[in-house]
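Note that the chains take the letters A, B, C, D and E in the order they are written out, and that residue 1 is the start of every chain.
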Amino acid sequence: MRRETVLNAVLALGLLAVPLAAQAMGEPFIVTLATKVAILALAGVGLNIALGLGGMVSLGHAAFFGIGGYAMAVLAAPVQAYEPLMTWPFELAGTKSMPVIWVAAMVAGALGALAIGALSLRTSGVYFIMITLAFGQMLYYFAISWPAYGGEDGISIYVRNGFPGLNTLDPIQFFALSYGVLMAALMVSWVLARSGFGLALAGARQNPVRSAALGIRPYSVKLTAFVISGAITALAGALFADLNRFVSPSMLSWQTSGEIMVFVILGGVARLFGPVAGAALFILLEHWLGGFSEYWKLFLGLALLGIVLFARGGLIGTLAGREVAHD
Amino acid sequence: MTEPVLEVRDLHRAFGALKATDGVSLTLRRSEIHALIGPNGAGKSTLIGLIAGNLKPDAGQVVLNGRDVTQADVAARARAGLARSFQVSAVAAELTVLQNVVLAVQGARGQSFRFFRPALANTGLRAAAEAHIARAGLSGRRAIPAGDLAHGERRRLELAMALALAPRAFVLDEPMAGMGPDGAREMTALLDDLRHEAPILLVEHDMDAVFALADRVSVLVSGRIIASGTVAEIRADPEVQRAYLGEERLE
Amino acid sequence: MSLMLLIEQALNGLQYGVMLFLMAAGLTLVFGVMGLINLAHGSLYMIGAFACAAVAAATGNFWLGLAASLAAAAAAGALMELTVIRRLYARDHLDQVLATFALILVFSEGTRWAFGSFPLYLDIPRALAGPVRLPGGIDYPLYRLVLIGVGLAVAAGLFWLIGRTRLGIRIRAGEADREMIGALGVDISRLYTIVFALGAALAGLAGALVGALQSVQVGMGEPVLILAFVVIVIGGIGSIKGALVGAILVGMTDTLGRFLLPIAFSTFMERSQATSVGAALASMLIYILMALVLVVRPGGLFGRA
Amino acid sequence: MSALLQMRGVTAFYGHSQALFGVDLDMAEGEVVALMGRNGMGKTTTIRTLTRLMPHREGSIRFAGQPLEGMAPHRAARLGLGLVPEGRRAFRGLSVTENLIAAARPGHWDLARVHALFPRLAERAGQDAGSLSGGEQQMLVIGRALMTNPRLLILDEATEGLAPLIRAEIWAAIRALRSETGLSILVVDKSLKELVQIADRAVILEKGRNVWTGEMAGMTQALADRYLGV
Amino acid sequence: DPVKVGMITTLSGGGASLGIDTRDGFMLAVNRAGNPDLSVVIEDDQQKPDIAVQIADKMIQSDKVDVLTGIVWSNLAMAVVPAATAQGKVYLSTNAAPSQLAGKGCHPSYFSVSYQNDNLHEAAGAYAARAGITRAFIMAPNYPAGQDSLAGFKRFYQGEVVAEVYTQLGQTDYAGEIAQIRASGADGVFIFLPGGMGISFVKQYADSGVGLKLIGPAFSFDQSIIQAMGDAALGVLNGANWSPDLDNEANAAFVQAFRAEYGRLPSVYAAYGYDTANLLLSAMDKASVSDADAFRAALREADFASVRGKFSFNASQHPVQDLFMREVVREGDILTNRIVGVAIEDRGHAYEDECKM
């Protein structure tokens, strides 16, 4: 078995075992922390499809993360206020059902990614980074001054949304749900990378001119990947909103985009479990250093710096060796 | 006479004040190798770019199998059966030789939007790719990332990818460049063979190969075709000697 | 709305644009010319402002502070290049993003450690304080006029350095093919250290000059960084001229947008609502501008596509 | 004639895979040596270790009396190594003239002489090097290397992609170079016919090892057949 | 009985100075009381709502705190408070007190010790006419707190509002707005520009030579900020419910102890933190935290010596207090605030009728 496969298994099992143990020992906050890791890793898995597989360095993925979050709020807030979602042209009630919210978030994320991607993919390189950032900022400023959903204050959904057969208010059950979604997304990402589409995407990333000469439109391939990526990140956004029972424009800020990207790079770009490793390490550092000094961010910075300089290829790359599968 | 597979009609393309392609017309007929020679900077690669769709002409038409493809993009022309190689090797550097060629086969078959089936587990794709790799003489290097290949090997990969498109016409930009003498010889034999599958528009500075292979030769100078004919006619043309071949070739 | 006010607002837009250019100038140099994404550019800007404020407070002399800002930022830049950045040239943009993101944390919290969490005092030098009367009767702050002058001088200097000197040629050659310029006998490492320090010094200069008008506090660099990126991307990366034009375009759009949009909306909306909606749209305006420019010209206004 | 270059038992690796297994290469001042071998045999790798673009693992390299071990590429270049690399690598984004003067050092070769050698470069002086035709780029990088006024000019496939007429001109220029300026030249090229006319000696590599070294005149058809496939 | 307090506040990044003052004021009172039953855990929310929510979860789930406090920003409070009070935790606000929590969203476990967000703007509005501002140019960033602030100003303002301008959140250059002020024909300017935005505006405004009277809420002209404005801030009026020169015994002791302990003058945030801790201590003396109803009743009594002098809670558990007008003055080396008059006496807040509790 390849070392990376072993490492992936360790990560998958570790992320499962830690909260279970914490639950047994009566440390519910560790469970919450693990849930956060799973959800942010999910956002990273989404970004990794665009960034790792497709080479699209998007600094605007907070847009999809936020779209997912707001999709949750838009659907759940009316229920909380005992009002219909809309009355015109037909009456539609909101919902507190997670599966419905997830579908809505993914559709909204996919549509957002389609619109943003279609325009952004005209550019490449650093211009792509910046145009995705621009779209993210537009949504951010829009959300700040959108009074219906609290503007800068955001909006609280006091009770977590429901999932058939589960008590989502119980931290461990909500964790299980988030973990399951993460694993499903990793599966999708794995199948995608090995598929014919994944190969076409790799070709489009590495040599778009050549790809076109082979009859593959790099634009269409990349846009498709971007839409899938946006949908997964939006799903993560919906879950994150449910974790906090709260949505605000900060989900849409460029710092959020940057953090999602940091998870991916930290874990290892284009590595299946890279976002999981990256999110886990980042949250762990943040949690551990936070209790350590008022200036903990200084140490966080130094730790990150050490990792970039000396652990090339991210955590997975360093631990599992550089070679990527060439089977 | 059969209808030409590829026909270029009065193409024009300028870069600023420079007329890189200045009214070029030429045809490529079934089973022939049509060599395009000319001094450096004459506009050969520009012409290939116009034919393949990487560049848009200012005026003129490109007709492939009787269909006007002037407005079609690069990918559409590739699907319509046009295979090109690049003067500077253009490969996906992190993919292996095999993956590169599978990518090409998959592109040609229009199977690039399959989301579930692993590409390399697809025996149909894989077998076809392996055959092309063998033909280009790279069998032993199948699992090497394309970026790690030596220069000459990369040229072979270029050709393998062109073969993988199973095209109606080849447009090859200096396939011999960078190949050692034995490589050039193998390539010559391979192209000789290939012309029966699809005709070849061959841009090449290796005159040994051109004179051995070409059914017809056109000479491009400053964006215009100044002569066109058989190898013998071209070699004897004093204008061509002066502009391109030099005295050495007078023998 | 009077014509005079409109003219004054246009002047404000120009001034704001030139200020943005000052911030963006160092970034263009490092980012456009060396091909390095330096998110910590804003930190160098902050260091310049803090150095200037600290020295000006200690000596009572703004100009000494200004000199200190150049020195401190250049030193920080050189140190950063020698210890971190030079290991990143060969890496892709992503590693650069992560490393310089980490540097932001280090610089911000380090500054907070050294200077505390409270904003520092820095005022414009007495000689340049107060407004002057322009033809047409506009009272305009002298300091802002001086900023316009400095910005244009920096633009000219950079234009000359990059476009006309052999140093500039070598830097650009290094960006195109770093290995090759080294193989031809140019000590590209040292050159890059110098350029990076120069870019940092420009950031520090901008921090000090602009800091005198704004608030000198930890975190002041990040919003500036985003704006500076917007500016150079609109102008086209690697183009000093583009950065200048981009900056002025952004300055004009932002200032006039903030001014005119609420007025425009109030023609068909209630006042409070019009100001709010107009302001909301105004805050998105420069991003809309950037997206429009890039959709139409994917390589920016003056960039190579 | 004094020894200009001495490479002894040089080995080199790309990651874990070994590309050179002990290469020897000696050159005297003013000599023209052809480095030959089939595709992928290690010619470029040998040149890369010599110009310090990659480290060697074992063996020694001395140039102009100095050991090159651990030396940065730019320092080695300043000792007098002028490289025309495989695959051209002109500086895109710079004009033709800027390419030429970027790394120029004073000496025999200046802009005027390079323009005289390749008039096309004078015609394209202001054009972005990235948009030159392939052959024009090749001329440009030769000119660029000459502008550093090297003691040893290294040409890795320098005539690849050039029209016969130009190629003949370049060979003529190289012949002139060696007779007029006494420049030493290490040349990798696929055209044996042309190499025979200008090189004093040949070194043939196979799979990263020396398999034949000798006077050019001693290059028999059998040897060429066996190692070069001619 | 032991009481465990979880303090969530901003200790890193640009807004850290506010959180640090909150913490220092609170801990000053805790240390002075020396009550061994009171323990405090403090965490940095980085000014991010999602982090604040997670810290709250952690403090409730792992640290098992009884009382939460310390949040500086309204948007963070909105993210944390409803969920915390729903889980039966007491929340004592040291600063942020958004209208939602004062009106419809009021809760028996939620106490604002500081004010209701609108109060200081109301003070400015009520006093403006007395300061000779009859034609006001009013301005705030375009976000909910900004919109509330302009509404709060207008609630008690007697004069005419000649222009109402929303700036961008985080904006640093105000040349455009200053030009509008100059052209507006106003005779005074009300601004609500918290943090760095205020510093930038005031410096640029002073340099522009416009010279109209400037008035605002205390947060924009507080101790932590005016030093950075320098003389440009001199003479600016700001509405407040506390001032270092407020003449009462508790305040004199507080200011002196704070200076001795931290070597700087306290800000309003420090004062609110100090009062909050003393309120809590007073309740601990009267009731056990395990009896939630009794403990809340004890808090409601507000039986402590506030640095603000008069202090009581109204039905929505927000303070009823005097609002003042302060002016920025120079005292020796440092800039500080001095009271120039009372703006509104015994002010509660505008949303009381909406609170059904």
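Here is the rule we use: contacts are C-beta pairs under 8 Å (C-beta built on N, C-alpha and C of every residue); 3 or more make two chains touch, one makes a residue touch a chain.
Treat the numbers as computed from the prediction; the structure is a model and nothing was measured.
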For chain B and chain E, chains touching each: A
Minimum number of chain-to-chain contact steps, chain B to chain C: 2
Chain centre separation (chain A, chain B; CA means) in Å: 44
Centroid distance [mean C-alpha coordinates] between chain D and chain A, Å: 51
Between chain D and chain E, centroid-to-centroid distance (C-alpha), Å: 74
Numbers and ranges of chain E residues touching at least 2 other chains: 12-13, 142, 147, 168-169
Chain pairs in mutual contact under the definition given at the outset: A-B, A-C, A-E, B-D, C-D, C-E
Of all residues in chain C, those that touch chain D in their complex: 166, 169-170, 172-173, 175-177, 179-189, 238, 304
Contacting residues of chain C [partner chain E, same complex]: 2, 4-5, 8-9, 12-13, 15-16, 19, 108-109, 112, 116-124, 129-131, 139, 141, 143-144, 212-220, 223-224, 255, 258-259, 262, 271-272, 275-276, 278-280, 282-283
Chain C-touching residues of chain A, taken from the complex the two chains share: 51, 57, 119-120, 122-127, 129-131, 133-135, 137-138, 141-142, 144-146, 254, 258, 261-262, 265-266, 269, 295-298, 300-305, 307-309, 312
Of all residues in chain A, those that touch chain E in their complex: 27-30, 32-33, 36, 141, 144-145, 147, 150-156, 158, 171, 240, 244-246, 248, 250-251, 290-291, 294-297
Chain A-facing residues of chain B, complex: 52-54, 73-76, 78-79, 83-84, 86, 90-96, 99-100, 102-104, 106-108, 110-122, 125, 143, 145, 161, 164-165
